[in-house]
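Below, each structure is written out as structure tokens.
The following pair of complexes shares a single chain, subunit A, combined with subunit B in the former and subunit C in the latter.
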Partner chain A sequence: MKEGSRANALLVELLLVIFFFMISAAILVQVYADAKLKSKTAHATNFSMLEAQNVAEDLYSAKDPDVVLADYGFTADGSGWILEKDGYQLKVTLEEEDTASGMLRTYKISGIEGDKTLLTLPSTRFIPKEVSP
Partner chain B sequence: MNKRKVALGPGAASLILIVVVLSLCMMAMLTQIGARNDYNLCTRSAEMVQRVYELNAQSEQKLAELDALLVTAQKEASDMDSYLEKVGELLPDDMTLDEDRITWTEPLDNRNLECIVQLLPPGEKQRTKWISHKLMVDEPEDDWEW
Partner chain C sequence: MSKSKPAGSHSPRIIQSVFVLLLLSLFACLSTFLVTMGAQIYRNTVESAEDNSNSRIMTAVVRSAIWAEDGGEVQIERFDDLGITALSIVNEYDGEKYYKRLYCAMDPDPLDGEPRSFLWESYNSEEVEFRADSGETLCELNGFEPTLDGNILNVELESANGTKSTIRMALRTGGAEE
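Right, the complex of A and B next:
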């Protein structure tokens, strides 16, 4: 009888241990998942930043920006050019503004992960035009 | 009468649980701290790069304004000397003319971009040439967020 009650107590203890372990595991899995998500976003931010810088510099010095974007693998859609990369996408939009003596051409290069914009780099260049004296 | 003896004593399972859960908590905490630090570093780095590009964009806009002013000066000047004199008269307060070079500073938060352009002789299509884009950071180390 004494041995039986000891076995019962052990069984109850084991059940309680398993119960608490399950609760702890559930919480810890959430912590790991959150860390993985953060790590993924950091990776996407870092790589999209490097790629966006390369594109911005090339566009600044390009004579024909469309060729540069096509070389990178961008595809044109209604609002700009899109490049799908591993875990993020780059989007390039063009804004042109006429000034008194030329044109301001601004390319906005955005790194996007899902619906979230990670960063936007403006690459602006002033292109002077010849003005007759 | 051959009874099986229970090898696990009372409380041993609880002790094992505590050790295992504490170890897992420690690993989860270290992973979370590492991921958060990576994320903060990347975000900060991206912000810095973004600010530098915004400063460059500002400087190009300023160059466009300056270029319009140079066109006006060219129309009213006959030679290089009178052109430079006219440019000196028309220049806004935040720009300085030193011989044939114009200097100004683009501020954004605690960063400044020192810009220098050279004036090219009148009659050419391009009226200016970039000489310098120098980024100056005015940020004490104590202000860094850790």
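Right, the complex of A and C next:
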């Protein structure tokens, strides 16, 4: 075999190796990106759950829930209260049901990442009506 | 008489060799970059998973311990001589008071014998004097600082790797006093 064609064969072999390496690299980078995204979502879900539990407990025992939400740093928007956290946001909405004996007040605390709702935790409290003697 | 090659005929071979070397260098650089990036992402993912599991375990242990005994009287006890602040839930059975205490104290690690900070749970009658080693270790924990504000129990926790969490619980029943 001529020396020149041997060098060409080596070059082609090397290019083929690099080509397959690039394909593998592209797949691996995609896998890494997915792993990072999933890890970020798991982190946001976990910490939004912990924070939502704390907010739910405080709302359950609060005399004035608006003050509790303001203390946490929530800001009111049209549909509820929003709190921006690191990588996720908490949203609190209120549903009230008036019954004969009192008011059923349900706060729904949602953890949101981007457009995706990670979890929703309800905190329900029944406030009885005052009965005249 | 032998003919010598002209000096210019060596240059294509040199260029080809340099090109091959450049390709090899590129291959090596990209491989290193990919492995380094993968290792970094793997490390971040593991650290994040550890943070998540630590914070979930710490808070779940404390919450479930309190919910299990919420009918009792919740107290914060300070044992200055031992340097321990304990969250105590007191229940009375047959006229005798029983204390369930959650606190943070040191204990030798079962594997290497090095002293480490753990979350402990003890359950004793009031006649038994409290000792730090009278309970069971639940999980590794660096910090446990309970405080009471009315019927809201606030517990600041710090895991072994420094992750900080706060638990706030509204005590449904029983008294709360500090």
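Criterion: the second predicted complex is superposed on the first by the 130 of 133 C-alpha atoms of A that agree within 3 Å, B and C clash if a C-alpha of one lies under 4 Å from a C-alpha of the other, contacts with A are read in each partner's own complex, and residues count from 1 in each chain.
Here, a contact is a pair of C-beta atoms (placed from the backbone, for glycine too) under 8 Å apart; a residue touches a chain by one contact, two chains touch by 3 or more.
Computed from a prediction, not measured in an experiment: that's the story for all the values here.
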item: Clash-or-fit label for the pair subunit B, subunit C on subunit A; value: fit
item: Winner by number of subunit A residues touched, once subunit B and subunit C are compared; value: B
item: Touched partner set for A:Asn46, first subunit B, second subunit C, both or neither; value: both
item: First, second, both or neither for A:Lys36, with subunit B first and subunit C second; value: both
item: Partner chain in contact with A:Leu118 - subunit B first, subunit C second, else both or neither; value: first
item: Subunit A as apex of subunit B and subunit C, Cα-centre angle in degrees (nearest 10); value: 70
item: Subunit B versus subunit C as contact partner of A:Leu28, first or second or both or neither; value: both
item: Which of subunit B and subunit C A:Phe126 touches, first, second, both or neither; value: first
item: Subunit B versus subunit C as contact partner of A:Asp58, first or second or both or neither; value: second
item: Nearest Cα pair across subunit B and subunit C, whole Å; value: 5
item: Touching both subunit C and subunit B, counted on subunit A across the two superposed complexes; value: 7, 10, 14, 17, 21, 25, 28, 32, 35-36, 39, 42, 46, 53
item: Subunit C - residues contacting subunit A, complex; value: 13, 16, 19-20, 23-24, 26-27, 30-31, 34, 37-38, 41-42, 44-45, 48-49, 51-52, 55-56, 59, 63, 150-152, 165-170
item: Touching residues on subunit A, where the partner in the complex is subunit C; value: 7, 10-11, 14-15, 17-18, 21-22, 25, 28-29, 32, 35-36, 39-40, 42-43, 46-47, 50, 53-54, 57-58, 60-61
item: Residue ranges of subunit A in contact with subunit B within the complex; value: 3, 6-7, 9-10, 13-14, 16-17, 20-21, 24-25, 28, 31-32, 34-36, 38-39, 41-42, 45-46, 49, 53, 56, 99-102, 104, 106, 111, 118-126, 128-131, 133
item: Subunit B residues within the subunit A interface of the complex; value: 3, 6, 8, 10-11, 13-14, 16-17, 20-21, 24-25, 28-29, 31-32, 34-36, 38-39, 41-43, 45-47, 49-50, 53-54, 56-57, 60-61, 63-65, 67-68, 70-71, 74-75, 122-123, 125-128
